[in-house]
Structures are given as C-alpha cells and as structure tokens.
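Listed next: structures, encoded as structure tokens.
The following pair of complexes shares a single chain, chain A, combined with chain B in the former and chain C in the latter.
And then the complex of A and B:
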C-alpha cells in the first residue's frame, strides 16, 4: 500500500495503490490535512479493492474540498472498484474520470 | 553530612569498573638494591599481600551480604503486584540496603519516593527528567547548586525496562557519601528493580485488558439488546433478523417499526467502518431513523431516509463517516413491498418461482450529500416472495486465499434455501459464509433481515 502525491498546477494529485481499506483510510484523511489545495484528484488506478471506510475517507475529502469552493475528483477506477461505486451509488456523489489527465484538466474548464 | 563550602569544587565521577588495590612495585629497581633493601622489599610485599587477602575476604563477606540482601529484596517484592506498590517497596528497600536517607524511583511518568516527603514532587520531576535517558550512573558526592535543596549527595542509576532505559533509581543523602561497594549494591538493586517493574507492568496491563474486555462485553450486550428481540407478528410475513458484530461491538443495525395505524417498516443500516467508533455513530443513526419512521407524517421509506440524512449530515461530516441503509414498508392489502435504498448492498429479491436477483440502490449513502437521492420503489410481494437484506460483511468475507464470498454465492444460497422458512434461510447464509471463511477472523459485521411472503 502506497500513497504518492504530486502537484499538477494548482491541482493536488493523490495516487493510491493496493487494497484501499480501513488501514489506509486514516492516512488519506491525514493527507487532506496537510494538503492546502482544495482542487484534488485521487487516482485509484492501482487500487483493486475498496471498502466502506475507504469510501468514507473519499467522501470526507470531497466534502472538505467542496466546502472550500473546490472539489475532489476520482479517476482510474478498476472494475471491482467501479462495481462498489455503482452498488453504493457513490458514483452519483463524485465526478469520476477515466484518466488522471482528464480529471486534472476538468478543474481548468 | 558534608560542610558546605563555596570553594569546594564538585566531584563528578563516571564510574565504570570497581578497581581493586594492586601493589605497584618497581620490580626492576628491586633487583638492583642491596640485601637489606631486598628484605625490606619482601616485607613490604608480604604486608601488601596480607592487605590484599584481607580486602578480598572483606569483599567476599560484603558480596555474601549483598546476595542475601538481594534475595530478600527479590522475595519480598514478588508479593507486591501493582506498579505503585512495587515502586514504593523497592524505594524503601533500596534506602534500607544502601543506608541512604531516601530513594526516588521513576518509571515513565510515575515517580515514587521514600520517605514520601523527601523532595518536592516538582523538583523531582525537573531533576530526573533530563537524566531519564542516561545510560551510565551519576554520582554527586558533594553539595552542588544543581542539587535540590536538602540533598547533599546523590547516586542516580538508570533502570532498564523491556530493553530500554526507561526508569531511574536515585539514592540520596548517605552519611559519608556513596562508596564503590555502595554503588555496586545500588546497581544490583537497580537491575533487580527493572525485572520487578517489568512484572508489575505486565500485571497492570493484564488487569487493564481484563477490565476493558469486561466493559466491551457489557457494551456488546447493551448493543445487541437494543436490537429487536422479537419480530413483528404479521399473518402474511415470515420474518427473521440477526446481527453478528466482527468485534465486540459493531456498526450494523436493524429494526422494525410496527405501530398502530402505520404500515410495518423494516430497516437495516451499516455505518462505514467497524468497532467502537462505528458503534457509537450507529446508535445515533438508529435512533434518528426509528424516530423518523414513527413520527414523520405519512412516512415512506424515502421520506424516512431523507429526514435521517437531514438530521445527521453535519455530524457525519464532522466524523468522516456515512451510513448505507435500506428501508422497506409492507402493504398487505396491495401485496406490495415499498422500499428505498440509500447505497446499501447487497439486497436480494426473489419473486415466487423466479431467480434471486440483486436489488440495486438508487440513492447515495446517508451523510454524503446534503440531500438524499433515494426514491420509493415497489416490489410485488405475494406468498413465496423473498427479500433478503444483508450487509457487506457477507459479500466481502474472504477465504484463506483472499478470494471474496461475492454476490453470486449469496444469490445461489438464497435460491437453494428459498423453500425454507426465514430462519432456515438465515442459518444457511451464516453457515455458508462461515464455511467459506474458515480459518479467517470475521472481518466485518454480518447482519441480515429475511422476509418471506406466506399464504
């Protein structure tokens, strides 16, 4: 499990890999606290499993960003992760893109 | 006691080994001297040898005394179990054995002194803290401005606890100062103290753990008792519900709201996460949802979800949490089950004679957006129809190889047990998931409601 952070202009990108579950969720919540940008893209291309704690961490980040006039967008959902988003209807709450480039670009439009 | 003198300089000795007196004779010089001188040399050598033997004998007796003292210390300390009691006993015994005026023992944040009013507690803290990480002994055998008031000499020894220098023993005010044998004994006491403190800490931890386990067992009983202990009696429904938390307490709940002049409502919720934090949020969500179902005018599943979302959105945001929930409302006159689903899965519906299928949610979980997007839907619910609402503790259970139980297996079991009563279907589901995840700890709460239409 690894968190990789990079900046893309004013957009902060968080890349997560492996199982995204209750063990990782606190690290992601901590990451928001140290990230000044309210324009965030979370790249889930390397994530093969996501649980409810992880979804809660993403929803928490999305709410923080929106409160500050920004947003948290997602990209690179693998099939098992996409299924969880569809079953919980969380795809209705997030802006989801196929690639990181598209997600980052969506902030400038 | 030493007289205090301004000119007297402080003696600080870092002691590493105890030295024994050794005759220091110049042997090459002895060969050159005359007979008389040689005899004088021999006499002095013999005298020196006799002194050495006396000293060795003295040390032997002293060592024996110390061994005996250490044995006493060890056997009497063993009967003290609490950390405070152990420290008090050790401080008292160290004082007695070294003939000091008092002793201070500090372990972590705990400081114990004997006698109790030896030094001001704050001074002790200030003084011992910087020395806590010392790996060697410190001996202050003369009064010094750095010494706390009333302390004329001091011997400070680190205590190793669980491989770390995490404690210290300070012996203070010994008449005549601390000598090498005193230090040796003190060092042996510090070493013994480390072992006794380790035992006391272990005992304390075991005790704390037992207490916590008792508390958690009570919490589990309370939580399970707050779930309905009996199912509503409806002539055309066979109902069964059960919840199994993964840990002592969990974030799943189910409830039935069966009040006069209102249609029966069945609800099930799953707070993200598990354990104590999920359990506390669950209590809040459960109450909010039940109140909405009982008191909201013209309550429908969707309006109850919407109201609960309104009530809890801010709290859920603060806590970085959300809740998936499913609510069904039975209308026996029309043979219908009205339902709304806030991001909950898996929910399984099986029409009479048909195949089990997943009932997908239309709304997002509660607490994610300020408005709930769930809407009311209806299902035909004649005799033989089956609704199985479970939590993801079933579908996400993993076997030893890491494979997930998944939805397909759930659907197959519901089909296989469809002719059985509600309780047998629930038993079948629990047995299947237990069998699948044999050898693995239950990872998430497993809760279900089984509702079957009967003639």
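And then the complex of A and C:
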C-alpha cells in the first residue's frame, strides 16, 4: 500500500495504491484531518482491492468535505474496485471520473 | 431529515429487534437526522415502549408509534396510514420475509407496505435480511409438502417484486444482490454491510472460573433447533468434560412453547441452563462467559447478527455447513469450526476441537474480534443516510418532471 499526496491548485489529491482496506483506512482518515482543502480528489488508479472499511473512509471524507462546502471526488477506478462501488451503489453517491485531470478540472467548472 | 423505521423494537421480541435497537441508537446521533419515528409492532398487555424522556444534546428525538401487530392481516394499511399521518421524509423497513406474521397471508400482506407507502408518495428504502430464493422453507417452518413449497415460492417471487417497488432495496450478502439482479432484473438493489453492534473493548479470552460454557443465543424453534446441541452436550459431558450449556433467548414467535419442551426433555441432564430473554445490559456478560458460541441452525435466512456479536466479544464459534453462513464467514473475515446440520456427533466433534484447545479458541476469537471491528454500525448508518439523500434528491427531481402517462416515473 502507498499513499501519495499532492496539490493541484486549490485541490488536494490523494493517490492510493495496492490494497485499500481496514489497515489503510485510518491513514486516509488521518490525512483528511491534516488537509486544509475541502476540495479533494482521491485517485484510485493503483488500487486493486477495496473493502467496506475503505468505502466507509471515502464516504466519511466526502461528508467532511461537503460539510465544509467542498466535495471529495474519485478517479481511475479499476474494474474490481468499480464492481464493489456498483454492488454497494456507492457510485451514485460519489462523482467519479476516468482521470485525475478530469476530476481536478471538475472543481473549477 | 425525519426518518420513519418500520421494525420490531425492544422490548418487542420480534425478529430483528436487536438490529433495530443498535441501528437506531447510531442513527439518532447523526447531525442530519432531525427525528426518528419507529413504526413498531404493538406489545402484549402489560408491556410498554420506553418513553424518550432523557434528551441528550446532539441526539435526535425518538418517537415510537405502535401501529401493527404480528400476525394481523391489516398491517400494511395501518402502516401506510401511520406513515401518511406522520409524513416523514423517508421510510426505512428493517424486515425479513416473516416479519409481519408466521401465517402466509399475514406475512405476505404485511410485505405490501413498502410498495403502498411509495405509492403514497413517500420514498422508501427496504433493508431485507433474507430472500426467498435462499430460504429452506421446510426448515424455516413453511412448506410441509413440495406442492405447497412451490406455491409459497411463487408467492415469494410476487412479494419480492412488490418489495422491489421500493426506491432502494438493501441486502447484507453479495450473492443476494446477484440473485435479485439476475432473477428480477432489479437495478436498485445494493449491498449494505451488516455492521458490528458495539464498540466493545478488546475482549478477555480467559474463561471465567468454573466449567467451560457452551452458549447459544437467539430465538429458537423454527430453523434454530436445540435438540442436536443438547445431544452433543450429553456426549461431551459423558466423556468426562466439566461443561455448562447456556441456552440464551426465547422461543421464536413462530414456535411458542418450543424451549419449554426442550427443557422437559433434558431435565435429567445436569449443567443445562435456560436464561430466557436476555436484557441488553446482560449481553456482554452472556457472551463474555462463553467459551464457545454455537449456531444450531438447520437453515439460514440471512446474515447473522449473533455472529457479529460473538465477534465483538472475541468468541470462538461453531457453525453449520450451510451456504450463507460459510459465505459470510469467508467474505467478512470470520472463522469457525463447522458441523453437519442435525448431526449431534458432528457437532460434538466440532465443539471438542475448541473446548480441548485453548490456543485455537484464542486465535479464533481474536480473528472474529478483528472481523467484527471491520465496519461499525455507525459507518453502516452513514451509508444508509448517503443513499437516503440520493433517493430524496431523485424523488424531488421526479416530482418536478410531469409523470409519464400510464405508470410510475422511472427510477
């Protein structure tokens, strides 16, 4: 598992790779807390497994961002990850983009 | 958001009452929830629902409106009337196929309620804890002969279609989503994790002084049968082990008098204890004192809340080799010893493997504790609120678009 963070203008980007599960979720929650921006993109292009704890961490992050007037958007979902989003209908709760550039750009539209 | 929940709720002994208690406990703590209204079943004479007198800051008020009765034929109409009068933003059903009655007409008619409420213009989410396609009707107390079983399954399919009139239908096992999508072409079925009830502290794995306790917990008499467990216990104690068998819980509403019959049949056997109804505050002690938790099921009707509780308290478990439970174990990270349903020897062997090996009990209890910690109920409630907000958004948009002639607006 790897977490990489970067800024793109006023948008904070979190890139996760490998398994996104109960062991990684606390690190992601900690990252939200130290990130001043309420405009967040989580890039899941490198994630090959996601569990319910990870989904809960993403949902919690989205709620936190929206409460502060922003949003949390997702990009780069691989097929196994997309299946979990579809199974849980979470794809209807999040704005999901194919690429990080599209997700970042959506904040300025 | 004002949310109404159709569910049994303690002290009602109806199935899923414990799930409702924990779900609502966390739901009330969410800032977006302004009020929770429970559309509950009517209690027997002499019992009453607790009054919501101790308001805490940050906790939404709770109103309990008893408006249906287990086994009655008019439940749907009464529930719809109550929902219309109370006008919540959304109605959530916490149900399974026999929630409204053990007799087929009452059970089926009660399940019309979600469709009727949606027709009345109130958005509906159904959490369905079992599906007809995976229920062993014979073991669950229905379907005495093959023809009757086929008829019940046909009615089950019709009832499922009616339940699918809800805005969303949530189930707790991935296979249920696949079955409902494949058989009914449903595109609004979703997987929602069961969730763990308590943020229990890390458990103690040491058994209390005295005999090791084998414990089973639930509502017994239909597909939860004690007889094989008593027979297995008889074998284990005959072999010289110092044990106690604790049967914690009550009769299933579908099998009144069942436990009394079992009690009489094993009156000669020392070390068997029947607790009767277990109050919420006694649950930690009951699980904490148990060395092994047994699931003497002959079929399953959905994800087991008792398994999550056993996990919360770090207990080792013995389970039947039945499709749903094995799948749940594998998918949610639990582990257990398995036995052949209705086979006391197989059950005694599984129990012996755990009772004779404290290290195995400890490692299994640890794994189950970690699995139960996976997704707390508070997170599961967040998921439902997210889905509820989407449903409300879609419903609002639908109201602004003129309805298509001859039918309901598309989802």
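Definition applied: the second predicted complex is superposed on the first by the 109 of 109 C-alpha atoms of A that agree within 3 Å, B and C clash if a C-alpha of one lies under 4 Å from a C-alpha of the other, contacts with A are read in each partner's own complex, and residues count from 1 in each chain.
The definition used in the following text is that contacts are C-beta pairs under 8 Å (C-beta built on N, C-alpha and C of every residue); 3 or more make two chains touch, one makes a residue touch a chain.
None of these values were measured; they are calculated from a predicted model.
Peer 1: Of chain B and chain C, which one touches more of chain A's residues?
Peer 2: Between chain B and chain C, B touches the greater number of residues in chain A.
Peer 1: Counting only touches as set out at the top, which of chain B and chain C does A:29 meet: first, second, both, neither?
Peer 2: It touches chain B, and chain C stays clear.
Peer 1: Looking at A:53, would you say it contacts chain B, chain C, both, or neither? Reply first, second, both or neither.
Peer 2: A:53 sits against chain B and chain C alike.
Peer 1: With the two structures laid over each other on chain A, which partner does A:63 touch: chain B (first), chain C (second), both, or neither?
Peer 2: Both partners, chain B and chain C.
Peer 1: According to the stated criteria, A:92 is in contact with first (chain B), second (chain C), both, or neither; which is it?
Peer 2: both
Peer 1: Take the contacts of chain A with chain B and those with chain C, and give the residues found in both.
Peer 2: 22, 51-53, 55-56, 59-60, 63, 87-90, 92-93
Peer 1: In the complex of these two chains, what residues of chain A are touching chain C?
Peer 2: Listed in rising order, the residues of chain A that touch chain C are 22, 51-53, 55-56, 59-60, 63, 87-90, 92-93.
Peer 1: Per the contact definition, I'd like the list of chain A residues that touch chain B in the complex.
Peer 2: 22, 25, 29, 51-53, 55-57, 59-60, 63, 86-90, 92-93
Peer 1: Quick check on the complex: what are the chain B residues that touch chain A?
Peer 2: That would be residues 270, 272-274, 317, 320-322, 324, 342-346, 358, 360-365, 367-369, 373, 392, 396, 444 of chain B.
Peer 1: Per the contact definition, I'd like the list of chain C residues that touch chain A in the complex.
Peer 2: Checking each residue of chain C against chain A gives 168, 174, 177, 188, 190-193, 373-375, 379, 382-383, 386-387, 390.
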